[in-house]
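Below are two complexes that have chain A in common, paired first with chain B and then with chain C.
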Partner chain A sequence: MARLRIPGRTVRSRWAFAYLTLAPVVAIYLYLRIIPISQTFVMSFFEWNLIARRRPFIGLENYANLLRDQAFITALTNTTIIAFGIVALSVPGALFVANLLARPRRLSALYETAFFLPVVTSMVPATLAWKWILDAKLGPMNQLIGWFGVPPQAWLIRPELAIFSVILLSSWKVLGYNMIIFLVGMRNIPAMFYEAAEIDGASPVQRFRYITLPLIRPILLFVSVITVIQSYNVYTQVYVLASDAQGAPGHVVRVLVYDMIENGFRFFRMGYASAEAMVLLAIVLVLTAIQFGALRDQR
Partner chain B sequence: MRRRAPWWQQVGEETILLIGAVLMVMPFAWMVSTALKSPAEILQWPPSFVPENPSLANFAFVFDRAPFARWLLNSLILAVSSTLAILATSALAGYVLAKFTFPGRVPLFVVILATAIVPFEVYMIPLYLTSRDLGLINTMPGVILPFVVMSFGIFFVRQNVLASIPDELIEAGRIDGASESWIFLHVVMPLLAGPLSALGIFAFMQAWNQFVWPLLVANSKNLYTAEVGLALFQTGYTVDFGAVSAGSVISVLPILIVFLALRRRIIDGVALSGLKG
Partner chain C sequence: MHRRWIGLIALVAILGFATAQKTLTVWSGYPELEPFYAHVAAQFEAENPGVKVEILTQPLREYERRLMVTLPANSAGDVLEISSAFAARLVQNGLIPPASADLAALVTGGAYADFYIENASFEGVVYGVPLFRGQGALFYNTAMFEAAGLAGPPTTMDEYLEYAKVLTQRDASGEPIVSGWSLRLGGGGSGIAEKFWTIMHQYGGSIVTQQPDGTWAADYANDAGYATLKLYVDLVNKDRVVTPELTGDAQGFQLQTTAMFIRESWVIGDIAAKSPDLPYATAVLPRGTISLPVNLYVTSSDPLASQYVEAVMRPDNLRWLLANVGWLPNRHDVDYGDIIAATPGLDGFINVPADQVLFTVPPIEPIDEIQTRLAEHLVRAFTDKSLVDNEAGIRSVLQNAANETNEILRRAGLR
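What follows is the complex of A and B.
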């Protein structure tokens, strides 16, 4: 009986292999993920200034101060508007294009490539391209709206328009990704549903409304939540769009990560910045919980 | 068989798709067009779409005024190092988590997946402090540091091992007296070539596109990546659209070439896995 309890030699040698190969991976995860995440949590309760010697525990004071911090409130509001704005533009857009591409076309590959191109493009050059397009003096965007009789706009200078610009370019960038995910779902819908609908004389709009949409609802939710989560990290676009010759970015559109980096690396208030990071984490966790909850409901 | 849509509907759909595709590609076209224009033509209103006298002067200017070649090399070093590290860690951990039962396996897998939910920006500050303590700020290893593991990579390899490598194959190796590491290298790895090459493409693109961390860690000009260099270049030299567009074209080109060459593979990879490009 004792032999059953003590693992045999072969089993032990397999364990040894498993532990030896996993050890470096575990060490990396500990050092680069788990410990830093815990440190953010801990630091958020301290007045942790990079250049101060004393770093006293202050409980929830950082969080309380955040609620009174106008810059933070603005950043959180802007980020939320941007995140949901990106969903509002890119999800219906992607759904529309995917619906057109769901059935095979001669030029399918070409369309897919064109819509997916922005997804793989890195953010800095993509934003720079948009920066010229939206330039108030020389950009083709103002030329385009001029053809419709709209006067030129200061896209990157007026705060509401700057936020809209960030939403527009981010939606352009993410649309292709969302489209591909929708396409997978739509191509999995059995053709007989559509055949039956056609026999009943359903119009294309009706087919979309009563067959496609209900069947891809889980994917629709997945894509929307993923898009919101990803968009809460918005930073690069704002950094590049709003930076001017004086090198003072982020004054037009202040976002969460920008505010965090400013507090942490310009004012060295790293405890305070950590509290902001925890707010970002809380938002992401709530959205993820919604995601999982909805997935469970479907089962 | 589905009936064909009436001709007017087909024409309408194709037109919409074509306009959409052109709009998506327009920013790239505008970027290339601006890069080829002379300074005088850039300041012209209304803007011309096709350059009147296309020239490569802006490209020469970029390499002349900024260490652009160095920045591209740094991006390449970052992307290649990150890709190799992610492939190694993902292959090992993914295989072991799929085929070995040992105490602590499930919690370990759960922790690896759970950290994937946490955005990088959340733990960036402590990671910065750790890098500082290790003396890695303003060094290439410091730039690479956070990008040596990818939770999705481990998950992805594990799924592939479960789906495509039967236990019997590994058992057969063991019965023949092969060591565990021999089996991994000579039996498992060849069978993972496809999934690993897909993962490699994603890891490469992900690393090439990094911005926030290199911006924080690389302080001297010679250590900038193409992304960081480009973003700071445009603030340093005021509105020189031509030069900045030329820089953008150069930094976007490597990724676009990879994408166009491996288009089917990348799009299918995203479609299958839901992986963010």
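What follows is the complex of A and C.
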């Protein structure tokens, strides 16, 4: 078969066009992402106070101090618990809901919209609504658990409950997004597999266990890793739940981004906050590498 | 013909330049003060045609962040209202210029006590003009006191504890529905430590103290700190006088879910606006209280900025501030007698006995971090039931926190 030959000039002009169209995007990405990240990396080796005239180079001291900083360790621990807690709650939840909605029915679109609605709701008003739901005195959550004989709980005051509250709110927020990804995967599974299983007498649970789950495993992995990565950036929920209310979890639920902002913009220790940012970046990079590695293995 | 046109254009340009509006920007971290600055601005604009005063107020923490970003970039307001403790680091780093000669003369001319002059100065040079102070006192609900058979406010710490128990109202299950004494148990970080500090001051303690060699050290892992933390732990976990779930602070006092609490004078204005019929009075604390001076600083070289500050400090305007907002002006050569007489709530703030010991937050750079980090230890300890009747446990909490405080001081080169 004759190979299609493109004159050299045309190839060059196509490459030029490609570079030209990509250039603005690359430039913006460079300006808004790469340069700030590089500067943050450099700052993390300095004692960089926002207003101080002297900003001495201190090598790895900021990183060494992080390991001794109880607030940072607490923040890292809380963030990790929250991140994996959100995965533990939202991924199986989304999987369950997606499985129920996988076969299009009359009101499927309505249910999908209802579950997806929290995703498009702005985080601040959503968190304010949850703040009211979880209020120790007036919140409906305490009324709900009261029907089961459980005494009222201080959801936003007790540290362990406050962490759970953040997990609950965040899982509710992300469940719809995960559900949609699962739905796309499930609806792409050829119907003949299920038909064959039905002929063989497989129960719905068995069909899910032996057909659906193995076939959406790459999607499951993708959703889990993406959820963990996003959850490591948890901040708005904690900040809003904590905003100017007595007994709120601002300092009970210390998370990485909160700690970073406090060090950088309250205590003005930009160098130290930069070191924290680099640690967060490293965690996200490791998780991304795991995701890429695992997905490659799936192929 | 051409000459006539050129002359006309020049005239218009000159007139336009002469009547061009000058804008003066005033920044504040206390939103409740906006009406006060606007009140002064209206006078100032009338006296200076062509001058427009723009006022920007923000919640305090956001405002402090704004200052830290805009001051190094020379884009902050012309007149800045800053607490002396926070301003210290800005002055020390050359971000705020000294006050003009006229303002310095106003400050040192006998209108202010030495305490306020010192807190507005650095190395003997006046930088700020003292405006008002955040001073604490006891607010108590007189009707609840009367119902509990208490004749007047507590005067010793033992009485505080006793009255708190007597004043607490409970539901059938024994849970408090009205707190006998609302303590700050959560919320914004440094505020928790500041309120703890005020109570610890009654026992003779301080969060940090300056050593004879000029360095600083934590000063709460001691008997005063122990007595204070024990008070919190007992009132929350043992006596159940106050709980984190109960609405407390100014809001709780206005909703009558707390019988007494310690706060600054701004609450008087807040009560007048939100709960004018609330039966209450104020009283001084047993040993003394916090007094946190807030000053005005001028960053602009335009003389108008200094003139605006002078206008703010006029006796009539300071009287307006006290009568309408409730913050206590620092200028003492002004007659506030009729306002105090008409506002009994001011009694606990103005009629302070001579033997009262005032303290202030020291102007050292990491003080906010010290208080915020201490607050985290305290918040955990307040609701820790294992600390009830556990002296070793309470002292251990304080020692761990003090070690962290000393580490922060060491890092800042202050220890």
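As a convention for this text, the second predicted complex is superposed on the first by the 267 of 299 C-alpha atoms of A that agree within 3 Å, B and C clash if a C-alpha of one lies under 4 Å from a C-alpha of the other, contacts with A are read in each partner's own complex, and residues count from 1 in each chain.
As a working rule, a contact is a pair of C-beta atoms (placed from the backbone, for glycine too) under 8 Å apart; a residue touches a chain by one contact, two chains touch by 3 or more.
The model shown is predicted, which means the values in this text are computed figures rather than measured ones.
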Three-chain arrangement built on chain A, chain B and chain C clash or fit: fit
Residues of chain A touched, compared between chain B and chain C (which is higher): B
Contacts of A:Arg266 with chain B and chain C, given as first, second, both or neither: second
Touching partner for A:Ala275 - first (chain B), second (chain C), both, neither: neither
Touching partner for A:Val238 - first (chain B), second (chain C), both, neither: neither
Touching partner for A:Gln39 - first (chain B), second (chain C), both, neither: first
After the two structures are overlaid on chain A, angle v-u-w for chain B, chain A, chain C in degrees (C-alpha centres, nearest 10): 80
First (chain B), second (chain C), both or neither touched by A:Leu22: first
Minimum C-alpha spacing, chains overlaid - chain B and chain C, in Å: 6
Chain B and chain C footprints on chain A, overlapping residues: 137, 244-245, 247, 265
Contacting residues of chain A [partner chain C, same complex]: 50-53, 70-71, 136-137, 152, 154, 157-159, 244-248, 250-252, 254, 262, 265-268
Chain C - residues contacting chain A, complex: 59, 61, 64-65, 68-69, 71-72, 89-90, 93-95, 184-189, 244-249, 366, 368-369, 372-373, 375-376, 379-380, 383, 404
Interface residues, chain A side, partner chain B - complex: 10, 13-15, 17-19, 21-22, 24-26, 28-29, 31-37, 39-40, 43, 97, 100-101, 103, 105, 107, 109-126, 128-133, 135, 137-140, 143, 172, 175-177, 180-181, 183-184, 191, 194-195, 198, 204, 222, 226, 229-230, 232-233, 235-236, 239-240, 243-245, 247, 249, 257, 260-261, 264-265, 270, 273-274, 277-278, 280-281, 284-285, 288
Sites on chain B touched by chain A in the complex: 2-3, 5, 9, 13-14, 16-17, 20-22, 24-28, 30-31, 34, 42-43, 45-47, 49, 89, 92-93, 96-97, 100, 102, 105, 108, 111-112, 115, 117-130, 145-146, 148-149, 154, 174, 180-181, 184, 205, 208-209, 211-212, 215-216, 227-228, 230-231, 234-236, 238-239, 241, 244-245, 247-249, 251-252, 255-256, 258-260, 263, 266-267, 270-272, 274, 276-277
